[in-house]
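Next come the structures, one after another.
Next come two complexes, and both contain subunit A; in the first it sits with subunit B, in the second with subunit C.
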Partner chain A sequence: MTVKIRFFAQFRELLGTDIITDVSSGMTFVALIQTIAKKNPAGYTAIFDENGAFREFVILMKNGKRIDITDAAKTPVVDGDDIAVFPPVAGG
Partner chain B sequence: MISIQTEDVDIGVLIREAKKPETGAVVVFDGVVRDDNITEMELEAYEDVAKQELERIAGDATVKFRLQHVDIIHRIGRLLVGENILIIVVAAGHRNEAYDGSRFIIEAIKAGVPIWKKELTKDGGRWVPGEHGHGTKKTP
Partner chain C sequence: MFSRRERERYKRQMMLFGDEGQERLKKAHIFIAGAGGLGSPVALYLAVAGTGTITIVDMDVVDQTNLNRQILHFDRDIGRKKTTSAAEKLQEINPDITVNALDVKIDETNADDLVRDADGIVDAMDNYPTRYLLNAVAIAKNIPLFHGGIRGFYGQATTITPRITPCVKCMFPQPPLHEVFPVVGVTPGIIGTVQANEVIRYLLGSGELLTNRLFIWDGMQAHADEICVERNPACDACCGVTTKTMEGRRNDR
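Let's turn to the complex of A and B:
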């Protein structure tokens, strides 16, 4: 089962983007992104707090649609998911 | 035209094309790179989603303020001080709808369209902080 993870802005600088990875069935969003973010401690700390929960300003999208960060711990990823993780927007 | 692009646009052409016989007012918002002791600004977007969001905002503004025409062009990539970042052109029958529609669009873009800015300086760079509160963490 393969999914794609995109990080943006400072998260991209720390962790890269367009990461395609194999995941096991039933893996949750939190577990997946924790696994990837742990490759860079600064990236992990930017996204997760000391309890391993998403920092409250982190925004998640699945296939272009927002996911509540409190639902991410119980939401499994599925084959083909396009996942985006980013900080508050600042366009305009 | 709703677009996320690296190239600049000719605002004069946009104004000319926005006008209809029934148009009474055209309002242009031109956001530019301000010199806050920076060398350049770098803009990044989640392009597919950002374009969909801009189209949704333009549609909402058209209905809410009875706009006759909307252009939103948001630039990405590296921009110099003084360059255009965001151009919004709206046309309406009267000035109130045009001003209010333009304001609605820029505030909606700042609130929710996935675009980010990094100010580049001689010493490196700093990401412009976005507005907090939209990580949607539920309260217990």
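Let's turn to the complex of A and C:
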């Protein structure tokens, strides 16, 4: 099955965007994003802390609905999911 | 009622929304939190559109490093209060509006009083703690909060209508790490203009606002995206608050 991942802002600069990838059944959000983010260490550390958990400010959306990052470790991705990962931007 | 000068000044936009629309702008009071990168274009466009009363708040002085983006302030203003500089420019660009420029830090003790009877709050801040504070005031007063944020070539904007749409805390419960953020002036130019466009259409009561949608601008790709956003039923800022709806308030205008 395939899912699409969109990164935004500095996550996009580090990891690209509109990534369509095959995933195995039962794969969780954390595992999926970790796998993709590992291709760029700077991208990985921007999103994950040293324990491999999402940094607390990271926004994770699935098909337009927000997923609490604390639930991401137990939420599986399913075929056709459109996933958005972005940091809020703070400047004014 | 409009003076001859006002009729001339607003002639081209009154072709769009007539005396009634212009009157709505004239009667309005908008609170702009910040006279920096976002606050500059927001304030300038709201001023030239004829927003009757603009209150703009900032606690800083103009620094040379501000000048690549904070277009309310000129080289000659370095070292002056941003509020003094902003009030001068806004009053010069439109002498037919009222400008209140408040040189103060927005905090939990004064936010409610500063916003007073404003019809809406523009979030032109550079930090989330103050955004959360403005968010709480908007919810308490049941007035819209026009959110914007920028970094580098990226920006985001959305319009928050308390009790109807997600609030700042629903969308961004945790602030990103504090940093001296990189930015090129066109980014707040674009996002600030989107915010001003929201304010004007809210006051006019026309069009589809950026509600329940987060507008995301990628200046590197010249590409705009939007993400649907939903309220968080467990939000500690807006959950469980129910009074008159914003839509009702908007229709009352």
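Here, the second predicted complex is superposed on the first by the 88 of 92 C-alpha atoms of A that agree within 3 Å, B and C clash if a C-alpha of one lies under 4 Å from a C-alpha of the other, contacts with A are read in each partner's own complex, and residues count from 1 in each chain.
In the analysis below, a residue touches a chain if its C-beta (ideal position, glycine included) is under 8 Å from a C-beta of that chain, and two chains touch if they have at least 3 such contacts.
All figures in this text were calculated on a predicted structure; none of them were measured in a lab.
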{"item": "When subunit B and subunit C are modelled together on subunit A, clash or fit", "value": "clash"}
{"item": "First, second, both or neither for A:10, with subunit B first and subunit C second", "value": "both"}
{"item": "Touched partner set for A:86, first subunit B, second subunit C, both or neither", "value": "both"}
{"item": "Contacts of A:70 with subunit B and subunit C, given as first, second, both or neither", "value": "first"}
{"item": "First, second, both or neither for A:44, with subunit B first and subunit C second", "value": "neither"}
{"item": "Intersection of the subunit A residues that touch subunit B with those that touch subunit C", "value": "6, 8-10, 12, 56-57, 59, 61, 64, 66, 84, 86-92"}
{"item": "Interface residues, subunit A side, partner subunit B - complex", "value": "6, 8-10, 12, 54-59, 61, 64, 66, 68-70, 84, 86-92"}
{"item": "For the subunit A and subunit C complex, residues of the former touching the latter", "value": "6, 8-10, 12-13, 56-57, 59, 61, 64-66, 84, 86-92"}
{"item": "Residue ranges of subunit B in contact with subunit A within the complex", "value": "31, 43-46, 48-50, 52, 74, 85-86, 106, 109-118, 127-138"}
{"item": "Subunit C residues within the subunit A interface of the complex", "value": "34, 36-39, 123-128, 148-152, 154-156, 171-172, 174-179, 181, 183, 188, 216, 218, 220, 225, 227-230, 232"}
